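Once you scroll down, you'll see the structures, which are given as structure tokens.
What follows is chain A paired twice: with chain B in the first complex and chain C in the second.
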Partner chain A sequence: MDIAKLLNAFPGAVSQGIIWGLMAIGVYITYRILDVADLTVDGSMATGGAVAAVMITAGYNPWLAVIVAFLVGMLAGLVTGLFHTTMGIPAILAGILTQLALYSINLRIMDGKANTAVNVNKYHVLVTSRNVRQFSVSNPIILTLILTAVLIALLYFFFNTEYGCALRATGANGAMARAQGINTNVAKVIGLMLSNGIVAFSGAMLTQYQGFADVQMARGAIVIGLAAVIIGEVVFGKLLKSFAGKLVCVSLGAIIYYLVMQIVLWLGLNTNDLKMLTAIVVAIFLAVPHWKQQAQTRLHVRRKGGE
Partner chain B sequence: MKKICALVLTLCLALACLSMAAAEDKTYHVGVLQLVQHVALDAATQGFQDALTEKLGDKIVIDVKNASGESVNCTTIANDFVAANMDLIMANATPALQSAMAATADIPILGTSITDYATALDMDDWTGVTGVNISGTSDLAPLDGQAAMLHELFPDAKTVGLVYCSAEPNSKYQVDEITKFLTELGYECKNYAFADSNDVASVVESACECDVLYIPTDNTAASYTETIANVVEPAGKAVIAGEEGICTGCGVATLTISYYDLGYATGEMAYEVLVNGADVAQMAIQYAPNFTKKYVAARADALELTIPEDYSAIE
Partner chain C sequence: MLDINHIAKTFNPGTITEKLALSDADLHLAEGDFVTIIGGNGAGKSTMLNAVAGVFPIDQGSIVIDGQNVTGLPEYKRASFLGRVFQDPMTGTAATMSIEDNMALALRRGQRRSPLKWGITSKERRMYRDQLKRLGLGLEDRMNARVGLLSGGQRQALTLLMATLQKPKLLLLDEHTAALDPKTATKVLHLTRELIRDQHLTALMVTHNMKDALQYGNRIIMMHEGKVIVDVDRETKMNLRVEDLLNMFEHTSGSQLNNDRMLLS
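Up next, the complex of A and B:
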């Protein structure tokens, strides 16, 4: 139990957390704003990674690769959106179907290979876990923080436009939104596209960071995304109440998630139990708001009774 | 706000600690990063541990961490090992090796259960050494040995049908390689490539015009062994398989590598690096030291084959 080792591991956990924070912001758009649990992300994150890996190894600029990954991710969201709106498939099932199809598509993108290496010695990549302990601008924490700030600023701007408000209205109260003349189906599709674009973008960053794209790399991503959203709300929800603040919460939630994971590893617990521990951590964070509310209600009742 | 402050302070503290390298111990610390709980990978890790423990006893501390099938966890674990300043990292399976490579350019990394390092690390001009902080062992199937096995069991056969899936570049490579060995032994080889489940039966049907069939380590074929068995068994043709799974499903005999031995060999390489200061960048990738001959008793009986005694039956 060497505390220095743990602290030495924190920069890596933080940068991994920031990258997953980008992904969690995508999840926030569907889960909180649109009020849809979108499972496409387990596929679209890997799609983003696959696109980035193939393009970078083919010699394209990594910035171009992440932009194309974003666009391809939007296509994935479009498919889920169309499944949901024009074919009347429940949102959760539509996401599962797209996720299923994306497995094959991701294999196609990577030319039939389940795994594509992105050798950091050979290609110019935007971020790599190798530099995470360096005091220089090539430290991935710096670039990912900037990207997170830019993304939050753009989303803040977008969701304050007239159409952004219509999107929020769609999630808040669909019937009311329709009554206001908003085409809620189109709004849902747009929201899903935006969300999956961001998720694929995060996958593209993750591929560069970890040095490979794998067809299974985003298995269980939705759990991490939701965990980040909820942890962020529980821990920082009281402090940051504005829309942009909430997105910051989500990013911080992802960082906390990875710090907890790193601590669990540092404690030397059997990694075979890792998934169970993840489930317990997420369950506790999910339960906290519920318990709080219950306690408050009880307190309220007791106070009233005392009057 | 307090919490944010606390977080920022923790980060600063973390960064400040970077320069504080962990105190040098006399014992060696090795981290094992395994992709998933899997029979073959578990065996390799076990062999690795056994080799190092035999050689170094209590002078070695091995920390085995399993990513539980989520390749993303590999990065988290690799980060943990690098932060702990391990003397060596053993990466078991391809994504594990790739994460470790991305995480450090300094700590020696040994891979195992990797088929082809040039592909896994995306290296051009492959020379057998990586030139960076990576070496290890490969689980590539022993194609020359498999050709010799076919010759041992079927010395009188004339033609060999090579059945594989056209969508798998690895299979094509194996088929091309084994053709060289089989031709040397005097066999005539014919390729029978199928595309998917729709044409596998008919392709195997036409391959049955050959005396013996060979199927390399092919993931698609491995999924359709039932279909293949339903064609070759009535036709009375024998299949020599590239690996145990296919052999169990539709083959009569195979020559497989032992992942335990592979892990053990990796452990011996680790000893060279840790104790004798071998330069990992110049260590050649090693291949499985010995292979196990296995056969399926029921099919051998049906074909009235006499299996030599050094073969062990697949349960």
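Up next, the complex of A and C:
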């Protein structure tokens, strides 16, 4: 095994990790703050990618394409939110429904094609994997890091405002939030919109980075997002406890995830098996807190019994 | 201040689990009334409080708070009139948020929450500190601690404080000391009385403790099968003993009081 080959792949893994970290921050908003597992993201990330690809190849400014992708992602979140709140569909199912619908919509956006290439030589893009090993400002790592910092700062501000606190309360204790006069349905919808906007934004960046959009590009995105959230919490959770710190953890979690994936590929794992590996890793990480609690209860009972 | 006009509520109508929870419940509170509510299991005490709070829509009747008909208003809109403390200490606060965050949420009860204004100001913090000091629980030095770290009694005291931070037109106390040990329960009840007296609040307090029902408040009502069956005014209440209450109940309802948590001592 050639160690140089592995090291060579690291910059790419890092920049991919940062871009998926943006997506994972979106997942964090629903999964940790709103306490909802939102499966819309598997569709909305590809939607963001499709919108960006179509707009950039039509000659629009890539910044505008990213902003429009964000807004379209919010629309996807709105649909899931309305399914959940006004139609009373359980959140998980609401997300699955939107995700399924988005598959058709994404194909429509890309004019019926399963993928759209965004050639770096022909179009102006914000980031590209081609520059990933360059020591210059055009290295995608720089811009994506700046965007991550800006996003975390904005979210830090928002979640400390009056309305941001109301949103956190909605996820923490819905009954309490309503007793304090918070319309929890509206809060959930806004949280889902914000989350899916960020996820679509991440999809738009990923499309530019990899040079194409594909209807399948975000299959299993929710699991990767969860992996990033959980890995970040387990590895850095003790160090970074503030709200902004937790978001930094999520981004770092995504980077670690991609580095680890790179390593297992280098060790000879088949690319096709990656998704299964991800699912297993996430399942184990989700089980750990549960097992820990069970062990503690047993210990507690034993101690009490020994008295 | 509060008019509950002949309200009725049946849960799960037309099913096996159909339950008539309120039938023609009628109650009127003047401003400054502090009413304690007692009754057997399933008498409709909590259901009546929840109907006032708007947790579910009612089938019949109307609810008027301070002249405003709130019958059709959703729970979050009625919140501007109501301070609420629940039986479960977990319900009234957000466990994963800090003490000061919880208080800031309560201070803005019934107000528009801006996405641009800071959720908590330094001026407020000083006020929270002063308010927490009067609880005598040392919480004023732990304002950044997560509420989940507090004991049940501390959480109920905090919830009470939060419920009155923004003066409510009506304070709803739903067996708010039932989950506490007797000593803590007494403390929380004293705090309740103090807050109600200081702010001249109108309050409804459900309790399973007959002694507490007699000791606190200026009026007692008894509920049975979804109705208010006994209403004792201030003068009568002063000379009442627990046995008298029991006799009154048996006489009016024609049955024994069946509350397995009722404390008769």
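In the analysis below, the second predicted complex is superposed on the first by the 281 of 307 C-alpha atoms of A that agree within 3 Å, B and C clash if a C-alpha of one lies under 4 Å from a C-alpha of the other, contacts with A are read in each partner's own complex, and residues count from 1 in each chain.
Operating definition for what follows: contacts are C-beta pairs under 8 Å (C-beta built on N, C-alpha and C of every residue); 3 or more make two chains touch, one makes a residue touch a chain.
Quick caveat: nothing in here was measured; it's all calculated off a predicted structure.
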Quiz item: Here chain A is shared; do chain B and chain C fit on it together or clash?
Solution: fit
Practice problem: Using the touch definition from the top, say if A:Phe158 reaches chain B (first), chain C (second), both or neither. | Solution: second
Quiz prompt | chain B versus chain C as contact partner of A:Ser136, first or second or both or neither | solution = neither
Practice problem: Using centres of C-alpha atoms, tell me the angle at chain A that chain B and chain C span after the overlay, to the nearest 10°. | Solution: 140
Quiz item: Regarding the shared-chain residue A:Lys5, is it in contact with chain B (first), chain C (second), both, or neither?
Solution: first
Practice problem: Using the superposition described at the top, determine whether chain B or chain C touches more residues of chain A. | Solution: B
Quiz item: After superposition on the shared chain, which partner residues are touched by A:Thr128: those of chain B (first), chain C (second), both, or neither?
Solution: first
Practice problem: Scan A:Ser242 for contacts with chain B and chain C and give back first, second, both or neither. | Solution: neither
Quiz item: chain B to chain C: minimum CA distance in the overlay, Å?
Solution: 24
Quiz item: Do chain B and chain C land on any of the same chain A residues, and which?
Solution: none
Practice problem: Name, in rising order, each residue of chain C that touches chain A in their complex. | Solution: 53, 74-77, 79-80, 82, 84, 86, 90-97, 101, 104-106, 108-111, 113-120
Practice problem: Under the touch definition given earlier, write down the residues of chain A that touch chain B in their complex. | Solution: 2, 4-14, 16, 57, 112-113, 115-122, 128-130, 132-133, 135, 206, 209-212, 214, 216-221, 224, 235-236, 239, 252, 255, 258, 261-262, 265-266, 268, 271-272, 274-275
Practice problem: Enumerate the contact residues on chain B facing chain A in the complex. | Solution: 1, 3-4, 7, 10-11, 13-15, 17-18, 20, 22, 37, 63-80, 82-85, 94-95, 98-99, 101-105, 119-124, 132, 167-169
Practice problem: Provide the residue numbers of chain A that touch chain C in the complex, in ascending order. | Solution: 158, 160-166, 168-169, 172-173, 175-184
